[in-house]
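I've put the structures underneath this note.
Presented sequentially are two complexes of chain A, the first with chain B as partner and the second with chain C.
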Partner chain A sequence: MASRKKVLLKVIILGDSSVGKTSLMNQYVNRKFSNQYKATIGADFLTKEVTVDDRSVTMQIWDTAGQERFQSLGVAFYRGADCCVLVFDVTAPNTFKSLDSWRDEFLVQASPREPENFPFVLLGNKVDLEPRSISSKRAQQWCQSKNNIPYFETSAKEAINVEQAFLAIAKNALAQQNSAVDLYNEFPDQIKLTNTQKPSNGGSSCC
Partner chain B sequence: MLEQSHEMDLLNSESSLITQENYRAKTCRILGELLDTENIYVVELHSILTGYRDKFFAEEMQDIVPTHSTEVINVIFGNLDELYHFHSSFLKDLTENIDCTGLVASCFIREKDNFYHLYSNYCQNLSASEQVRENLLDSYMFFETCQKKLGHKLPLAAYLLKPVQRITKYHLLLRDLLHFLDDSKSTQQALECMLVVLKLVNDSMHQITIDGLNLDLPKQGQLLLHGEFSVWTENKKDIRLRLKPARRHVFLHQRAMIFCKSAPKTSHNKSVYQFKFHLRLSHIGLTESVKGDARKFEVWLRGRAEVYILQATDVEQKQTWVSKIKRVLLDQLEELKDEKIKEYAQSHRCLRQTTSWDTTNNCGSHHTNSYRALSCDSEMRNYYESEFSDGSNSEDEDHLCHTSSPGGRYLALADYFAAGSSEVNMKEGDVVELHKIGCAGWWYIKVCGTSFEGWAPAAYLQSYNRRSSERSSRSQE
Partner chain C sequence: MSYLDVEPGAAGESLLLTTDTNATFDNQYMSSSLEEIKNEIEPSETEDSNNESISNVTTYEENSSPMSVDNEDHEDRIQDKKWALMDKHIFVLSLAGKPIYSRYGNEDKLAWLFGVMQTLVSFIQSNDDNLISISAGGINFVFSIKKPLILVAVSRKQESVQQLQNQLNYIYNQIASMLTTSKLIKIYEQRQNYDLRRLLTGVERLINHLLDFAEAEPAFLLGAVQCLSLSSSKRSNISSAIISSCSKIKNIVFAILLANNKLITLVRMKKYSLHPSDLHLIFNLVQSTESFKTVESWAPICLPRFDSSGFLYGYVSYLSEDCQACLLLLTVERDAFHTLKEAKQRIVEKLRRNNCLEAINESLAKPDVNCAESGFLEVRHYLYKSKSTAQFYQPSVSPPYNKYGQVLTDLYKRLHQGLHCSARPLKLFFERRANEAIFAWDTVGFELYIIFEPLVETGNVVAIITRLLNWMKEREDNLFHLQVPTF
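Showing the complex of A and B:
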């Protein structure tokens, strides 16, 4: 029935420990934030169907909690990513400082074809908390210096801006996918069309 | 008055009861999460094996099976089978011991070697698995049929990453558990075990190629650290001043420091370096602080005839490196000591001193040398005093003040007969003062209460402070 290609977008969330990566994911996909007992482990990955510019896309979002200090292990996850979400805690300046190294690490390990145009999105999380140590202005300046990365201030706890941020992530990821034929795509679209439209020709048994 | 305080006591004990209750509830929840997620993990591993691997051999799939080669199939799944069996029995262990955090912790401690071997095997195979899957022709139908039957939202590739994610979660759970425990020794140990496992697995993943390497890498011992530095080289024979530092990627192995140039990346997850030179750790001396830059330290050869100044990206990196190198150098000394001192004493004549600080007669440089030696010495002393309490000897201003105090005192463990005029005689039990640290385990010392000074092997010496502090703590009991 589906006349359009099914699109699967791979999104990786990176940032220091306890900036709220798992919480943001859970808030976005399950609309949940638990202050009482926050599960330590989120799902390995979550999927969510979204509509971007009239296209239905499936986002697969990968949590990297627990891997922060073990970057060789992260490599396996970076490959084939369509968008990289960088997260810092607006009340913890050290998490803002690490952004550069997260971005560099991602670019080195994922080695996308056009590193300067690869879509990143920056989230300043925990805006519900006081006192703030990183102002919007400072975060925006950083974004400008990195080829205008979109910036969102979020609160996973209060569900502030989370929906909007992920929609922007989906849009950026989709634009990236459209602009380049992705070698690493796990669902090669062309092959899929061939298989579903002409099953009698595509199957090895029938020829 | 009395009643009031009694009331207060009641209140206090009540509130502590509440927090205790609260803590217990939290501990239970974390243990519950550990067990639940372990259960799910085992089920998922099983589903990959039955839903994908076994389907290669299933009759109904034979028309679309992309390969029959068991070799290829083995590469795709790696040792997932072993992981499954291991975690099935680990889950059983956990279930049986889940009521007691101490027992849960011991499950992890007991299995740490298995964790390491199974996961480093699995992780190292991943990129080969990926390549095989990419190159497998006409595999799409097969994998998609499997995926649909399983009802998985994402393809096999995503599920094959499950083990990599799982192994990175245990330390998070154990750390959370630690927050709510009174007696946390075994949990702390379990946490450390899992972090070590992770580090080793992580290191085993880092594929390194060093072009032009003229060393047998496996013989250089375990890779301890590696990182980028700016490196200045000073050489007495080659007086040309090097004002510009070179960017070098330095690998610290148990037995050697290898200096390389990073080559541009060729493929993901594979780093290529060009070999420049190496230093043997048994030959180097270390200077921890370089005036004017807290990120710098020096390693040198032959009594500073060759000096390499390394500038780290930050102070933290420098401290990690300095304490690691120091640990290796101290371990070398311990090793020497272990080889029975008597035996060593008989054969010491083979050990020729290759270096001496005495050769620098230049007044100015002598001055800086002694400053450096003293700073090194005070650090050494601190290191002994902290008794290997995990390198928390942070370098602060205080230490710099200490550098002007007289050098550390050491006890001679055996008689030593000088083998030349630059060396010094020592009798067992002599107390000596350390003046300089040379390389290859030679120290410049002065025998206390005498005017004798000269070089002696550090293997003969033990920190006097450590001894006396041990004695005094014992006498206090």
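Showing the complex of A and C:
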């Protein structure tokens, strides 16, 4: 089992279909890119181990399907995420417009303890393509309005900014973990003996 | 029937709490004897009717984890294959899908697989249903959702879903025994994304041991405990030595003396009783902790069936250099170490004076007789469980099973399943196989499982069983702990 220095982060990737969620993940984990489009069915899972500030971090990446007909994995799917990565395609304005609903959907489903401080990261993907329809400025404005979400412009195909973006994702999630309350320093509950014993329901018992 | 009059090891009053079947195991977090416990735990619903069967499951090899670096690729693949072919995998994860435990392999590297397991559970739950098991390719995947954890068994062995669920329960209880269930629940209420491994450093060893232990030890299958053979007068001397040495100490709930996985005695506070499954966790703790042999220890222990919300504090020490029996004094007091240490010294002195240490050593040195030695030539081995006392007896294992323990274990699992399968439980089971004839019988008072020579005559079976029951009855004072000593 892991020592205290080891951390596992659950990272969820959300965004419209074909913005490049799976490609980003594949570029990050396997350093591979394919031009072929294969829709994710349900969800894909990948693991990546990285070192962040001397801590060994395992990223458990949950890549989701963007298409609505696969959005049936249930509430529990988002539960207990450490970071949520929102992805849009800088050449497709509709994918940018959906960001609000993806973010809201996540917050409703995952219901994190402090929604306003939950670590999101925004990725504008496909910067290698032309023509571009969402400017950096516009994306950054959106991020500012959401409590300063970090923004990265990436290309899964050209491997631009992918490492950097995922490093920021890990750092953000870690910062959140460190600020959380220390759970294990409390004294455990003491058993109080009383003289009333409830009958057991397993069979004959003895008093 | 005449043999029903003979019920070795039966008693009106029992040392241990008794269980009727393993099926009840799941939902009965008993009765906490303690005021504060108000059924905080919602036991998982396991209705057979909710059983989901999924037949077309793609194997994980196809999506095999893509994390390997090229030069290690080949080696990793061999490792993966070996890993995939293991007889039985056990996984524990949080409801968020974060890995907590994997019996084989590094759970960090398997993080993707835990994600898949959580998604399967969560997908079925979103339809207001519960995933219980999947059968595919001769493998049983059994899921147990015990909030806030998900436990999964993947077995190629001939084990029923029920038996695997029973094993998963033990693992959950083992984790609870280190943290208490109320703490476990509280942790995840505060942080769903918690990485529980931080709190369970060192517990992996206990779980690993528990899994091997439960595999080899019939006590787990039967939900019962075996006692060390001792004359009833010696056993009662031992109990009195413990009682009189602790008489002035308040709040000792249980005093347990055990050796070699067998119970020597158990003294308890009048109002409270101990469940065999809690005792199994104690046996597991003692067996897997070498350091108890050299130092006296003070350890918080939660016994989930007794009270899952709090800790008992255990003084643990072997009796002496020359007697390898382990004594546990369990109290609710957090700082009673020195008081209990003194009590232990008084206990050892008394036991030495009464020649009890000698008696324990003698019994430990002399193995139980095997079937042939006690005159049962057609019987190779048997298990007898007295239901009213939750105790069992087995003779020494003799050839051929001394070399093939697994064969014996599998035969008993098969017999046990015959009597306890929830769909169609049998009262009587007899099967003639190529290598042996196997028999099981469930009565009001006992369960009896026998492995016969393959050519035993059916007509003789009843007579042999009668003789066997009488044989045990004559020795029941030695083989079973029939008194109920209390503080």
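We adopt the following convention: the second predicted complex is superposed on the first by the 159 of 207 C-alpha atoms of A that agree within 3 Å, B and C clash if a C-alpha of one lies under 4 Å from a C-alpha of the other, contacts with A are read in each partner's own complex, and residues count from 1 in each chain.
Please note the rule applied: a contact is a pair of C-beta atoms (placed from the backbone, for glycine too) under 8 Å apart; a residue touches a chain by one contact, two chains touch by 3 or more.
Computed from a predicted structure; not experimentally measured.
Colleague: Touching A:Val7 in the superposition: chain B (first), chain C (second), both, neither?
Modeller: Second partner only, chain C.
Colleague: Scan A:Gln60 for contacts with chain B and chain C and give back first, second, both or neither.
Modeller: both
Colleague: Looking at chain A, does chain C or chain B touch more of its residues?
Modeller: The partner making contact with more of chain A's residues is C.
Colleague: Should A:Val108 be classified as contacting the first partner (chain B), the second (chain C), both, or neither?
Modeller: Only chain B is touched by A:Val108; chain C is not.
Colleague: Touch test for A:Lys48: chain B only (first), chain C only (second), both, or neither?
Modeller: Once the two structures are laid over each other on A, A:Lys48 reaches chain C alone.
Colleague: Touch check for A:Thr40: first (chain B), second (chain C), both, or neither?
Modeller: So A:Thr40 only meets chain B here.
Colleague: Check the residue A:Phe77 against both partner chains and state whether it touches chain B (first), chain C (second), both, or neither.
Modeller: A:Phe77 contacts both chain B and chain C.
Colleague: Touching A:Arg31, do we find chain B (first), chain C (second), both, or neither?
Modeller: neither
Colleague: Which residues of chain A are in contact with chain B in one complex and with chain C in the other?
Modeller: 44-45, 47, 58, 60, 72-73, 75-77, 79, 188, 191-192, 195, 202-205
Colleague: Touching chain A in the complex: which residues of chain C?
Modeller: Per the stated touch rule, the residues are 13-15, 17-20, 24, 28, 30-36, 63, 65-67, 94-99, 101, 107-116, 118-119, 121-123, 125-126, 180, 182-183, 187, 190-195, 197-204, 251, 253, 269-273, 275, 300, 307, 309-312, 332, 334, 387-388, 484.
Colleague: Across the complex, what residues on chain A touch chain B?
Modeller: Listed in rising order, the residues are 37, 39-41, 44-45, 47, 58, 60, 65-67, 70-73, 75-79, 108-111, 186-188, 191-192, 195, 202-205.
Colleague: Using the touch rule from the top, collect the residues of chain A that touch chain C in their complex.
Modeller: 1-4, 6-8, 10, 29-30, 42-49, 58, 60, 62, 72-77, 79-82, 112-113, 177, 180-181, 183-184, 188-207
Colleague: Can you list the residues on chain B that touch chain A in the complex?
Modeller: Interface residues on chain B, with respect to chain A: 26, 29-30, 33, 37, 63-64, 123, 126-127, 130, 138, 140-141, 144, 153-155, 157-158, 161-162, 164-169, 171-173, 176, 198-199, 201-203, 205-206, 265, 267-269.
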